[in-house]
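Both complexes below contain chain A, partnered by chain B and then by chain C.
What follows is the complex of A and B.
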C-alpha cells in the first residue's frame, strides 16, 4: 500500500509541474526552461506573504496564488512578448536566461537557507493513516487532490471555456486565430499566467510538505521528462507521463537501486524518444515543429 | 531594482567578486552559494566574509588588508574548475579555498596544484589528503571528517542503544557521503550491530518517502546519516511521517541547532565537532554581535564554520608576513596552532604531516523536551 501511495504522490508532483510545460508549449510552441525557477518563486512568494499576512494563512495563500498568476503574465508582457515572431530557439534561450536571473535574485533576497513556509503560516503537517496500512502527509494529500482539481479544471476550461477555446485555437493555428479576432497576446499572457500558477502551486505545496531550498528548481527539471513522455502538447499525456515516470522512479528505488531513481526518468524518456518521439499522446506534427 | 538585478545576474553566473586591491592579501574562494547543498555552505562563506571584513576594519593583517574574492560554483565541478582557474590566473590569489561539494575537489585541487597555491577546504568535508601523511598543499578547517565521524556516531549509538541495534544508513549521491556510509556499514557489525541497507538519495529529490519506506521496511531501529543537511533532515522527517519510531543520528551541520528546535524530537541526535550556541560561550556572543552588526543573512549559530576558517586564515597570513607568496603561506600553515576559544573541543593544529588536526573532538546534542541539550560531552580521537 505504501508503495502505491509513494507512486501517487510523486506522480502528482510531476503532473502538477508538467502541466505548466504543456500549457505554454501547446499555445506558443515555446519550451519554458525557467519553469522550475518560476515554481520555486511561487514557493518563496508564499514565504513572503506568510510574513506579510502573519496570523492569516488563508490571505497569505490567496495573495501568493494571485502574485504567481501575475508573475506569469508579467513575464510574458515584459519579456516573452518581445520574442513573438522570433525563432522559437531564441524564445527558449530567453527562458534559460530568465531562469538564471531568477535563481540569482531568489538567493539574494531569501538566501540559500532552508525555509519552512508551513511553520511561518502556523501549519502542522501530520501524517494521515490510510486503509491498507499506507500513510501520507497532510500536504502530500492536498497536493494529490490539487493536481486532480487542476487537471479537471484545465480540461473543462480548455474544452468549454471561451478563453480555453481561444487558447486551443491559438495553439493550432495562430494566424487563423488572429484573423478571427482572437487577441494572441492576451491568450499567450494567460497561458504564461496559468502555467506559472500551476507550477507555483506545486512549489508551494512541496515547500509546505518538506521545506524550501534553492535546489527546488531541479525538481522542476525532473518533471520535464514526464511532459515529454506524455507528449508535449497533451495534458492527458502529461498526466500519464507523470504516472509512468513516478512509478518508474519509486519502483527503481524499492526494487533495484535508489541511485537509479535519478536516472530512470531519463532512461524512460530516451526509450520513448526512440520508439515514439512525439510522446504517448503527442502528435507527429508537433515533432516536425520542434 | 536595476542594481539588484545586476547583482542577481552576477551571482547566478558566478561572477561575484569585490574590486581587487593590489596592496592586499588576495584570497579566493569557490563556494556552493547556490545549488542543492547551498544551505550548508553559503552561511559559512557569509561568516567568513564578515570575519574578514572585521579583520580589515581593525587594520588588516601585518598592516595589509585581505581581499576575499568569492565565486559561486553552484556545487558543479565544471564551474568550480573555471572559478579556480580564474582566481589563480586572473586574480593571482595567494591562497585558495573550496567551500563546496566533494565532487568539486578534483578539478580545484588540480588547478591549485598546477599553480603552486595552497588550498584550504573550509566548511566542505576534509579529503583524505589532509590527514597524515598530508599532501603538502592541501589543508582543512572543516568540522566534519570522514571515517572519524562514523566512528564517533557508531560509538554513541552503541553506548546509547538499549536493545540490539539494526541500523540503516542514508547518504546523498555524492562520492564522500556514499563512501562514508559504506565505511560505517562495514564498521557496524564489528560493534555488534546489524547493518542494513544504505539508501543513496539523489540531490534534490521531490519526495523522500520512497527512500524512507525502504529504510523502515528493512526493520531499522536506528538510522545514521552523514550527508548534506537537506538529505539528513528530510529523510528523518519522511521516516517519522511513516510512523517510524526509531532513533536517528545525523551529522551536526550548520543548520542543526535551529532544526533541532524546529523539529523538537527527542530521538533525533546530532553528532558534531562544533559547540552549539546553546553553550552561550563568549566567542559565540562575539559572532552573534558581528553578524548582527554586519547584517548577516544567516542566523549566528550557522556561522561557526566560517568563523573558524576566518580565524585560521588570519593566523596563516599573519605567520606568512608581508609580502606574502603562496610558498610562504604554505610554510606558515604547516606550522600552525589556532585556539578556537571553545568553538571546538580543541585547537586546530597543523604540522608538516598533518593538515587536519591532531585530535578530533565530538559532542552529541538533541532536543530534550524544552531546549537543545548536550547528550554527550567532548570525546576525542587521535588523528594519526
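What follows is the complex of A and C.
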C-alpha cells in the first residue's frame, strides 16, 4: 500500500513538471532544458514572498504563483523570442545557458543551504493515514490533487478555450496560424508562462513538503523522460509517462538498489528511444520535424 | 614547391603536393614556426600556476576537437560528452587499480572503450535526429556516470580512485614541464588527425551528411556507417582525453564529470564557432580560462574575501550570460570575430567586399 502511495506521489510530481515540457514543445517545438531551474526559481519565489507577506500564507502563495507566470512570459519576451525561427538546437542550447545562469543567480541570492518555506509560512505538514495502511504527508496529498486539477484545467483550456485553440493551431502549423491572424509571439509567451507556472507550482509544493535545496533541478531533469516516454507533444502521454517513470523508479529503489533512482528514468528513456522514439501517444512525424 | 605566395588572393595550387601541404604561404609557415617556438618556450618562463592552466587548456582542446568533429562537422549533437571523458578516465583508473596496468595499456584500452561507447551512443543516431539524439546522449551520460559511481562505492573508493603517475623506462612523469610537453604533443596530434580526417573522404562524407542527409545518401554515402564512424572516432578521442586527465590529476571521481562539464564542452564549440577546428581550440582556451578570469576580476573588487564562498555561483551565472550572448549576437563564435578582423585588414581601406560582377 505504501508502495502504491509512493508511486502515485512521485508520478504526480513528474506529471506536474512534465506538462511544462509538453506545453512548450507542443506549441513551439523547443525543448526547455531550463525547466528544472525555472521550477526551482518558483520555489524560491515562494520563499521570498513568504518573507514579505508574513502572516498571510494565502497571499504569499498567490503572489508567488503570479510572479512565476510573469517570469515565464519575461523569459520568452527577453530571450526566447530572439530564438524563434533560429535552428532548434540553438534554441535548446539557449535554454541550457539560461538554466546555468539561473542556477548561479539562485545560489547567489538565496545561498545553497536547505530552506524550509513551509516553516516560513507557518504550515505544519502532518502525515495523513489512508485506508489500507498507507501514509501520505499533507502536502504530497495536495500535490496529487493539484496535478489532477492542473491536467483537468489544461485539457479544458486547450480543447475549448479561445487561447487554447490558438495554442494548438500555432503548434500544428505556425505559418497558417499566423495567416489566420493569430499572434504567434503572444501564444508562445503564454505557453512559456503557463509552463513556468505549472513547473513552479510543482517546485513550491515539493519545497513545502520536503524542503528546498539546489538538488531540486535534478527532479526537473528526471521529469523530462516522463514527457518523452509519453510523447513530447501529448498531455495524456505526459500523464502516462509520469506514471511509468514513477513506478519504475519507486520499484527499483524498493527492490534493486537505491542508487538507481537517478538513472532509472534515463534507462526507460533510452529503451523508449530505441523502440518507439516518438513516444506512446506522440505523433510519428514529429521525428522528422526537428 | 616552397614558392612563396601572397595570402588569400586566389587558388594557386598546381599539383597534388601543393594541395596536400598544410601551409600554403611563407607567412603562414613563419607564423606557425613562431607560434611553435612560443609554445616550446612557455614552460620555461611560466610559473607552476600558468603551467597547470596550459595543461588544462590542452586537455580541454582534445575534448573540444573531438566534439567539434561530431557536432560541428558530422552534425550529430551530443550532450553526453562528459560521459565519454568519464568512461576514459574510469577505464584508466580501474585498469590501474585492478590490474596495475601501465599507461601504454590503459590509454589504448580507454580508446577502445570509448570507441565501443561511441557505437552505443551512435546507435540512436541511426533512427533519431536533432533534439531526440541530443536527449539520448544526455541519457547515456547519466548511465555512464552511474556505472562509474557504482564501481567507486562497491569497491570502497567512495572518495575517488587514486592513480600513480605514468612511468616510461623507470622515469615517472610528475614534473609539470614534462606534462606540459606530453599534453602539448597529444593535443597537436589530435589536431593533425582532425585536419587530415576532415580533408579526406571521411570528412567530406560527414559534411555532406550535416548539410543534407537525403542528398548525401543519394550521392552514395553510407549514412549509417559514417554516422557511427563519427561517433566512434570522436568518442575514442574523448576517452583518451579522459584517461590523460585521470593521469594528470592522479585521481578519478564521478564528481568531476557532471552534466555541467558536458555543457562546458558544448559551450566551447559554440563560443569558439561551429564547424571550425580553430574554433574548437579558441573555445577550449576561452572556457578553460574563463573561471580564472572571473576569479581575478572578483579579486579586484573591494572586500574580495567575502566573495570566496560564492565564486562557483558567480561562475555559473557569468558562464550562462556569456553563452547566451554568443548564441544571440555572435552565432559564428570567436572564429567569426577573428575572420571579421582579418577581413577588415585585408580589405583596408575599404569596408565591404566588392559585389561579384559589379565592375563590369
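The rule is short, and it goes like this: the second predicted complex is superposed on the first by the 290 of 290 C-alpha atoms of A that agree within 3 Å, B and C clash if a C-alpha of one lies under 4 Å from a C-alpha of the other, contacts with A are read in each partner's own complex, and residues count from 1 in each chain.
Assume a residue touches a chain if its C-beta (ideal position, glycine included) is under 8 Å from a C-beta of that chain, and two chains touch if they have at least 3 such contacts.
Predicted model only: the values in this text are computed from it and were never measured.
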Open item on the list: After the overlay on chain A, what do you see for chain B versus chain C, clash or fit?
Closed with: clash
Open item on the list: Applying the document's definition of touch, where does A:274 land relative to chain B and chain C: first, second, both, or neither?
Closed with: second
- [ ] Would you check which partner chain A:107 touches, where first means chain B only, second means chain C only, and both and neither mean what they say?
- [x] both
Task: Touching partner for A:182 - first (chain B), second (chain C), both, neither - done: neither
- [ ] Look at A:259 in the shared chain and tell me whether it touches chain B only, chain C only, both, or neither; answer first, second, both or neither.
- [x] both
Open item on the list: Which partner chains sit in contact with A:250 here, chain B, chain C, both or neither? Use first/second/both/neither.
Closed with: first
TODO: Considering only touches as defined above, state whether A:88 meets chain B (first), chain C (second), both or neither.
DONE: second
Task: First (chain B), second (chain C), both or neither touched by A:70 - done: neither
TODO: From the options 55-63, 73-81, 217-225 or 361-369, pick the one stretch of chain B whose C-alpha atoms clash with chain C.
DONE: 73-81
Open item on the list: Does any part of chain A touch chain B in one structure and chain C in the other, and if so which residues?
Closed with: 100-105, 107-108, 112, 259, 262
Open item on the list: List the residues on chain B that touch chain A in their complex, please.
Closed with: 4-5, 7-13, 33-39, 41-43, 173, 199-211, 213-214, 229-230, 233-234, 237-238, 240-243, 255, 259, 262, 297-298, 302
Open item on the list: Applying the document's contact rule, which stretches of chain A touch chain B when the two form their complex?
Closed with: 2-3, 5-6, 9-10, 13-14, 100-105, 107-108, 111-114, 116, 119, 125, 127, 129, 135-137, 140, 206, 210-211, 213-216, 218-219, 222, 249-250, 253-254, 257-259, 261-262
Open item on the list: Using the touch definition from the top, list the residues of chain C that touch chain A in their complex.
Closed with: 77, 123-124, 127-132, 134-136, 138-140, 142-143, 146, 149-150, 153, 259-260, 263, 266-267, 270, 310, 312-321, 323-324, 327-328, 331
Task: Contacting residues of chain A [partner chain C, same complex] - done: 31, 79, 82-83, 86, 88-90, 92-94, 96-105, 107-108, 112, 221, 224-225, 228, 259-260, 262-263, 266-267, 269-270, 273-274, 277, 287-288, 290
